[in-house]
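Below, chain A partners chain B and then partners chain C, in two separate complexes.
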Partner chain A sequence: MLSNFLSNYRSVAGLIFVVLAVALVELFEVRASVYPSLLPFFEWLKYSSWIGYLGITFGSVYATVQAVHLISMAIIGGTVLVTDLRLLGVLLKDIPSETITKGTHQCFKYSLSVAIATGIFCAAGVADKVYYMPVFWIKMLALLVGSCFMFFIKQPLLNSRSHSEIDPWILRILAVASITIWFTVAATGRWIGFS
Partner chain B sequence: MLVSGYYSWNWLEATHVLTLMISIGSLFIIDFRMLGWVLPGVSATAIADRLHKPMIIGFVIMFITGLLLVYAKPVENVQSLWFRIKMILLVLAFINAWVFNSRMRAADGTWDSARVAPKGLRTGAIISLSLWCGVVAMGRFIPYDWVDCPKVSNTALLWASGCVEQLNAL
Partner chain C sequence: MNNSKWDDKTIAAASSSVIILGALLYYWVGEVQSTVELLELAYGSFKFFNNPMIF
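Right after this comes the complex of A and B.
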């Protein structure tokens, strides 16, 4: 009975598990004790790893990778906006939202992979600085939330049934939440450069 | 005022960069559709038509914020090699967009539901993707000072960057 219940509500159970895990991490001050232990990793990333070396030594390579990071973020933005504005009934109203959701997801996954890979490279070059920036950690948190939201909540729900069977308000909330999260990821990323 | 105000400059630049997600995001979806990489089962002209408006809104915001950014630091920008290449690429990208749009309107609709667009439109899409990637890259290079006027001694580079003082001093 329990396994049947869990299989029906896998995403919700996963979300509750994540929220509980975060609450426990805060309750037992795990985050506060983990944070200082990450500093050696960030220092290694900048001064000893080959990506850190490339980023520090070759400014043109670093700037080019930054440009690729920006382009991949633009594509993420494009896929998110097209999907979510369709769910909100603003764009592409004559095309079924199921088609749009499925047709852009592959592109989103590839762009996210490129954005993460290039983002690691960019962070490695300034790892000793970003470690101390609150905005960097907010971006990491937003990225984690966005990825979990996309792969464990939004996509499973939208692929589970015809969108006409889902409450329109649920679709609207999904779309607004998605736009907000990915906008936060992009905006905090831009703000790292100003900090 | 735009440069000295910490938040005014940051907001302006952040808006310019974040609007990429609307303008270039929409444009790339259209180009990707022509190449059959996204939404292959959906009418290509429908995608191009419906995404035209958000794309234009994005480009208008980028144009206004871009003008203000240049207005705030006119000499640095006008004498930047990257800025000059970016402007050339922008002009080429707009010409390509105009040609692409004309070709799409002129083509008969038999290809519209095909997985990929005809060769001419696919070429236009690849040129568009390349030019806009170049525009973004050049925009990203502008803050770097590798080829700023005081650092360059090569005459061709000085000429290309419009470094009048350095050229006169030679």
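Right after this comes the complex of A and C.
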């Protein structure tokens, strides 16, 4: 019975596993016990790694990489908004949503890679500051959840069949959840910048 | 419930969307609430209109 469920409902089983894992992490206060052990890594990232050295020493390099980071985040925001507003039926109604979903996802993947690479560089320059900021950890969590949601939940469903065969309310809630999570990633990112 | 519509991917998408939306709504409402409390603490009261902070 269990093997039957796992073979027929792999995504649901994965989701249940993740929710249970998060609940156990919170229940046994794993986060609180792991947090102090991360400080040496953040200190090394700023003061001993070459990316930290570059960021601290050369302001122009830091500014350039940060500009690339912001542009890649803007592209992510653009692809997410175009895809999700199309799924909500707000814009580009004359273009099939399948075409938009496939086209923007390629762009999203490359932009996310660039955003993560440049984001590590930007965080390295201020690693000892962001370590103590709760909003930084919220952003990392939102980024992780948003990426997993995109690659393991949203795209597999949207690529599995024609969108007309999917319940419109599922598409709507999927789009709203996607917009909200990437809005949170962007907003917390700017919050880090202004703190 | 139609099995062809409510398959594995659809259930996972619907339930994860609800979980994510609920968690994010909880987070942002909490942030607004704490901001309002902070403003009340700083200025005595918080009003959207006739706000003493606007000169």
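Note that in this section the second predicted complex is superposed on the first by the 188 of 195 C-alpha atoms of A that agree within 3 Å, B and C clash if a C-alpha of one lies under 4 Å from a C-alpha of the other, contacts with A are read in each partner's own complex, and residues count from 1 in each chain.
Simple rule for what comes next: a residue touches a chain if its C-beta (ideal position, glycine included) is under 8 Å from a C-beta of that chain, and two chains touch if they have at least 3 such contacts.
Remember, predicted model here, so these are calculated numbers, not experimental data.
After superposition onto chain A, the partners chain B and chain C occupy separate space and fit alongside each other. Residue contacts after overlaying the shared chain place A:Val126 against neither chain B nor chain C. Of the two partner chains placed around the shared chain by superposition, chain C is the only one that A:Gly14 touches, whereas chain B remains out of contact. In the superposed model, chain B and chain C sit 90 degrees apart as seen from the Cα centre of chain A, a figure rounded to the nearest 10. Once the two complexes are laid over each other on the shared chain, residue contacts for A:Leu81 go to chain B alone; chain C is not touched.
Of the two partner chains placed around the shared chain by superposition, chain B is the only one that A:Met73 touches, whereas chain C remains out of contact.
After overlaying the two complexes on the shared chain, residue contacts for A:Cys107 are found with chain B alone; chain C is out of touch. In the superposed model, A:Gly59 makes contact with chain B only, not with chain C.
Set side by side, chain B and chain C differ in how many residues of chain A they touch, and the one touching more is B.
Contacts of A:Leu174 after superposition on the shared chain: chain C is touched, whereas chain B is not.
Closest approach of chain B to chain C, taken over C-alpha atoms in the A-based superposition, is 7 Å.
On the side of chain C, the complex with chain A involves touching residues 5, 8-21, 24-25, 27-28. Across the interface of their complex, chain A is touched by residues 10, 13-14, 17-18, 20-22, 24-29, 32, 37-42, 46-47, 50-51, 54, 133, 136-137, 139-141, 144, 146 of chain B. Considering their complex, residues 8-12, 14-15, 19, 138, 142, 145, 149, 153-154, 156-157, 160, 165-167, 170, 173-174, 176-177, 180-181, 184 of chain A touch chain C. Here chain A touches chain B in the complex through residues 59-60, 63-64, 66-67, 70-71, 73-82, 85, 91-92, 94-95, 99-100, 103-104, 106-107, 183, 186-187, 190-191, 194, going by the rule given at the top.
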